[in-house]
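Letters A, B, C, D, E and F mark the chains as written, and numbering starts fresh at 1 in each.
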Amino acid sequence: MRENTLKAIWARGDAVINGWLAIPSAFSAEVMAHQGFDSLTVDMQHGVVDYQAAVTMLQAISTTPTIPLARVPWNDPGFSMKVLDAGVFGLICPMINTRADAEALVRACKYPPLGYRSFGPVRASIYAGPDYGDRANADVLVIPMIETKQAVENIDDILSVPGIDAVYVGPADLSLSLGCAPGLDKTDPPVVDAIRKILAACKRHRIIAGLHNNTVAYAQKMINDGFQFVTIASDSRFLAAKASEEVAALRKSGVRTGRLPAY
Amino acid sequence: MRENTLKAIWARGDAVINGWLAIPSAFSAEVMAHQGFDSLTVDMQHGVVDYQAAVTMLQAISTTPTIPLARVPWNDPGFSMKVLDAGVFGLICPMINTRADAEALVRACKYPPLGYRSFGPVRASIYAGPDYGDRANADVLVIPMIETKQAVENIDDILSVPGIDAVYVGPADLSLSLGCAPGLDKTDPPVVDAIRKILAACKRHRIIAGLHNNTVAYAQKMINDGFQFVTIASDSRFLAAKASEEVAALRKSGVRTGRLPAY
Amino acid sequence: MRENTLKAIWARGDAVINGWLAIPSAFSAEVMAHQGFDSLTVDMQHGVVDYQAAVTMLQAISTTPTIPLARVPWNDPGFSMKVLDAGVFGLICPMINTRADAEALVRACKYPPLGYRSFGPVRASIYAGPDYGDRANADVLVIPMIETKQAVENIDDILSVPGIDAVYVGPADLSLSLGCAPGLDKTDPPVVDAIRKILAACKRHRIIAGLHNNTVAYAQKMINDGFQFVTIASDSRFLAAKASEEVAALRKSGVRTGRLPAY
Amino acid sequence: MRENTLKAIWARGDAVINGWLAIPSAFSAEVMAHQGFDSLTVDMQHGVVDYQAAVTMLQAISTTPTIPLARVPWNDPGFSMKVLDAGVFGLICPMINTRADAEALVRACKYPPLGYRSFGPVRASIYAGPDYGDRANADVLVIPMIETKQAVENIDDILSVPGIDAVYVGPADLSLSLGCAPGLDKTDPPVVDAIRKILAACKRHRIIAGLHNNTVAYAQKMINDGFQFVTIASDSRFLAAKASEEVAALRKSGVRTGRLPAY
Amino acid sequence: MRENTLKAIWARGDAVINGWLAIPSAFSAEVMAHQGFDSLTVDMQHGVVDYQAAVTMLQAISTTPTIPLARVPWNDPGFSMKVLDAGVFGLICPMINTRADAEALVRACKYPPLGYRSFGPVRASIYAGPDYGDRANADVLVIPMIETKQAVENIDDILSVPGIDAVYVGPADLSLSLGCAPGLDKTDPPVVDAIRKILAACKRHRIIAGLHNNTVAYAQKMINDGFQFVTIASDSRFLAAKASEEVAALRKSGVRTGRLPAY
Amino acid sequence: MRENTLKAIWARGDAVINGWLAIPSAFSAEVMAHQGFDSLTVDMQHGVVDYQAAVTMLQAISTTPTIPLARVPWNDPGFSMKVLDAGVFGLICPMINTRADAEALVRACKYPPLGYRSFGPVRASIYAGPDYGDRANADVLVIPMIETKQAVENIDDILSVPGIDAVYVGPADLSLSLGCAPGLDKTDPPVVDAIRKILAACKRHRIIAGLHNNTVAYAQKMINDGFQFVTIASDSRFLAAKASEEVAALRKSGVRTGRLPAY
């Protein structure tokens, strides 16, 4: 089986730099796979990406050593198993709020006797190799999202479920759940406090802590605090940011440019 | 018919800021359509975009007042007419090197008696309005690319063909044709000289001069020189640039990050 | 945020004319968006339309002021949230039979504290504007379908759930549930009676009543009775009806036409 | 090989009723294939349909005995051969204006020794049967469009090219070419006169005459005049017509309906 | 309604030879539909096939008399109903382990009063005919998978649920569940024993027994044992097997061939 | 730049085993890329594959060291350049019959000064590396098809055009052109004789000889004769062959199986 290199990065104590894919295109995924990320996550929850497009994106990622991950829309066994069969080396699942949620997630992602994942890794065994079936339970990462007040309260219950490799903090949902405005790179004390609690719990349970960030500066701070799985923005945010910066720079440069009527 | 607002911008003496679409996705096209460009060109030549994807991208652009353009792969009447029917307000065609090339292009893009474009604007008349058929000959822009030594030599012949609204300089092909390395934002004297000649000829023939650029600085200079249709980079370049900048910034920040083996 | 104009129509006491999309094509959706409907519903339940096609159809609708709605296949939070993120201004959900069903639906469609919708309106905030997150709870319509005997019995329980804007009656399922033949424009007394009860309950709870119809005549009657959200047939029914009418008219006209063997 | 039933209809002296597909969807194609047409033409010229979508539409037509035809965008051998390999039983080609055009078309559509079509009927031999290669030259229809003043002048030259089965008149282009407004169901004397000349020439050369029509009434008249291949409108026109009729009927019925602001 | 010919085959006491589709392509599906299978199952669980691709594959199958079936990813009513509406004549559902699972499956697949399937057979009534609604409850097959230790223990409970036509044994999951290595054509005594028990229960309940096999030899044995619904391998396995056999034969033939570096 | 390993195989005097892709699916392409071929050719001429599908198939091939090639539908510069930009390492072009045809092909495939290929290797430089532009003229293979009587007569003229790396014999077209039945693995003396002449000319001009074959036995013989580029069948032929063999074996095994009515 192809090595899941994220595990080695984590074992060295280093942080994984993860990219995020919301554009449903295998070409933009291939472009992203050449920019130096350790892993790329196909976002099937908020990204504009459904299963069939996701498979072509995973193929595009597989043209490089970048590790392919996916976020599923919800904790649904049929959906999670289908994405695992497509050959991801880790599955991020939103809104894991209780020990029961976490157990359901893990059991859907693991073959018996650890769970009830159905056997048929049609693309996964092509991507990963013929011994995929033997090694998937050990090598494919299960990554619940911790993103509600309730999840923070239940953090020890959740993290003590065997089979969880990492957690992923969704700051926008966590903020909303705590009565704060949604967003990334949050500095509101309740959110900062919750993130700190999650990180501490991860350390206690020897589980990798991950986080979605908007900027390098915040991601850097989070790594220094102990997070080992950090995402910066996403493909569509990168695209919008760069394009608008360039257009604005040219418009502000003093040259005479047209401008369409606002809408 | 919806107004082709590029004409008004040009009539004021201003420059159009054009964006470039190489990613075959209606979602990334919609993102680009919200970043402030006056027009967006679906690149069906070097972009990874064929007709069926292009139509969905044109629809995405049509959700905004941004003017939709396309570059066709070659000067082929069947292809050009099909793209015009899809509702673009301007057609950029590569490698127009002679008066005959230019005449063939114009005739494929104009209904009789100006040309032999076949009538059937199935989507164009939805996008542009029921009077599209009456106004297309006047309002839809024909934009040959001037990108070879031969074209520069024939520039007056080409520009005197009735029906040409603008020209578009492809610096990479122009450079290769002149024995220079391909690229954008060129400073090699033969290329600079050729670009100057093209611009001067455009002024003589009262035709808009356009150019593909890589940076704001170069585009700004070109506008100051008299170009009124400038593109900066493309969606896939923006994406690659921003993503690699952010990853590099994080890796250089001093935090401990993993790195996959090179390949 | 773009205004959800359906609310203004309803506030004036008028009825919304809704179109229905079962063909998985952004082009046919764009054609429909130019025929004068106030809103168009992408039918992801019985229509031949999955998420990825639906997004391109929503983009096609967004080229006009027609309000985009979707019907989801089932009351499933992951699915509903994903469709909301794609930028619909209202979500129709089948088979809401109990107060618990209705509460689950509303909670999946509303951000905290009204519900647990996850935050990430990736296309919705492009379509609707950057303040989408602040206004979605108020402006995006939640429309349960009332289409079973059980739902009619529980109508007051269902309609008293806060956050429901309208209901949509599915006459075919309602008929089957009441022991009648499935169909639209029903005149069977049990179905008529159930529809009357639903309408009366809507009036009591100040909730908009909606209905799927097959003909203008029935829709007209329903508007006169007080329904303010009416659909007529669907794109595929329009297509089949018009095509078969024209073929039949020509065959019956007395000219000699061929006819393929029946199949 | 499956029988090309159009030949039998024509042999009886009857007219073929043909449907027209501009919507790039296998589902709408399947709907159309059940409405009683003798043949359906996938319009790859003005329709919003490229090759890959066309194949799925041909498969949808193949679920019924309706005969599949296609119109190609231009007289281009690579394109025509590719569409023939996809399994059409007739190919309509626009803008055949001279004997040389007609010969080029026929030669691209026929295997040696009649032409130079390349052998590889990958889907055609599945659809039509294993003897497709032996019978294609005889059974697959070659149908040039006669739609310019020049073509009418050259009509005898064109029709005397061996291998032409029928011609198809494009009234919109013919009108433009004759200095009249483009459209269908034309009554302008120059257009009517040209159509009459084409029909007379077809009778002289024992070639089937075909025509694109907008209404049953006009198609009926044309059949009575001797046309044996008539199309009425298209899928997207049927859809737009029926939808707008129904919306208008409801709005005019006197009930109170909303109306979005015009745009 | 088109006849569901599987029922007649079974009534004669014969076995149905079923093919399996994991490649998301209507063309490969059409190729498979011409190879002599009685039925073809679109595998939406482990196959690389989502709903929108599945519909085009069902259309491809519908070009022949081969009976179209599908396996859904999970026992989810919204998903099952959507696939039934697409026109399958039987639905295979994984992981039915209890009577409650079986009842939920049957109820989602049957219209009232037998279940709560929602009415809207948009493509099914085109494929099967206008009386589809009346006959679907009787003619569309419901086929739970028996593939866990728990399911074998509950086999009589499951098979006594009215509305089940056949069961389908998944040997890989059954093996895992019994502590054996996953695979097909199993000879491990616990698996063989479980399969024997399932078969015996099917005979008791007069329900058709089905099984996934890897080879003709095993399928042959299973038919002789009493299975009446057998699958051999799948499209992607056939493709991989034949291609690798041919490449290996040529490399071993003694001719000098290159070989890329292993990876 | 990634090495074009075919050149090294040929330099050693060995034969390249090439696979052929006619199914428009990135998944089946990925399956084929794992079966041991040295190269895979996406067939855009007779295969059911257009540009947009081809790109996803090239990505699938790029997940392995298998070298990606494509056959274009015709000798058309716009099309050939677009496929080269997509990242193939060799281009097979049908029906090269004269020195002028060969020169046109080479010039479209080579950057100046060797040709007039337009510069914009948007995916090629991602796949092959940033130095693609410098090395493409030397490393990307140009492979005309020799498949007509005329081409055999002109073979020395064709092969003396600088820039041709290999030729590919299409036995079906060659047979038709020589008055024989189309097919592969031909033994008709005129075809065998023509193939021998082509091979001898290749040796004279130090150009690689390639051939399409149906069976291992014939391919083996051709390699022994001196061919260094051999294809066996195609993905869709492999699929059809294996599936029909297995079904036939089971039906003939003596077990009782059903059989659908022939069609």
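Simple rule for what comes next: a contact is a pair of C-beta atoms (placed from the backbone, for glycine too) under 8 Å apart; a residue touches a chain by one contact, two chains touch by 3 or more.
Everything numeric in this text was worked out from a predicted model, so none of it was measured.
> Going by the contact rule set out at the top, which chains touch both chain C and chain F?
A, B, D, E
> In whole angstrom, what separates the CA-based centres of chain B and chain E?
Spacing between the chain centres: roughly 51 Å.
> Can you compute the centre-to-centre distance for chain D and chain F, using the mean CA position of each chain? Integer Å is fine.
That gives a centre separation of 34 Å.
> Go ahead and note the Å separation of the Cα centroids belonging to chain D and chain E.
Chain D and chain E have C-alpha centres separated by 41 Å.
> So which stretches of chain D touch two or more other chains?
In chain D, residues 22, 24, 27, 31, 34, 48, 50, 52, 55, 76, 79, 123, 236 touch at least two other chains, as defined above.
> Based on the touch definition given at the start, go ahead and assign the chain network to line, ring, star, complete or other.
other
> Give the pairs of chains that touch; include all such pairs.
A-B, A-C, A-E, A-F, B-C, B-D, B-F, C-D, C-E, D-E, D-F, E-F
> Over in the complex, which chain E residues touch chain A? Could you list them?
Going by the criterion above, the answer is residues 22, 24, 45-50, 52-53, 72-76, 79, 94-95, 147-148, 170, 172-173, 176-177, 179, 182, 236.
> Quick one: which bits of chain A touch chain B in the complex? Just the residue numbers, please.
Chain A reaches chain B through residues 5-6, 8-10, 12-17, 19, 22-25, 27-28, 31-32, 34-38, 48, 64-67, 216, 219-220, 223-224, 230, 232-233, 235-236, 238-244, 246-251, 253-261, 263.
> Quick check: in the complex, which residue numbers of chain B touch chain C?
Those in contact with chain C are residues 26-27, 30-31, 34, 55-56, 59-60, 62-63, 123, 126-127.
> Could you pull out which chain C residues touch chain A in their complex?
50-52, 55, 76-79, 81-82, 85-86, 111-113, 116, 118-123, 133
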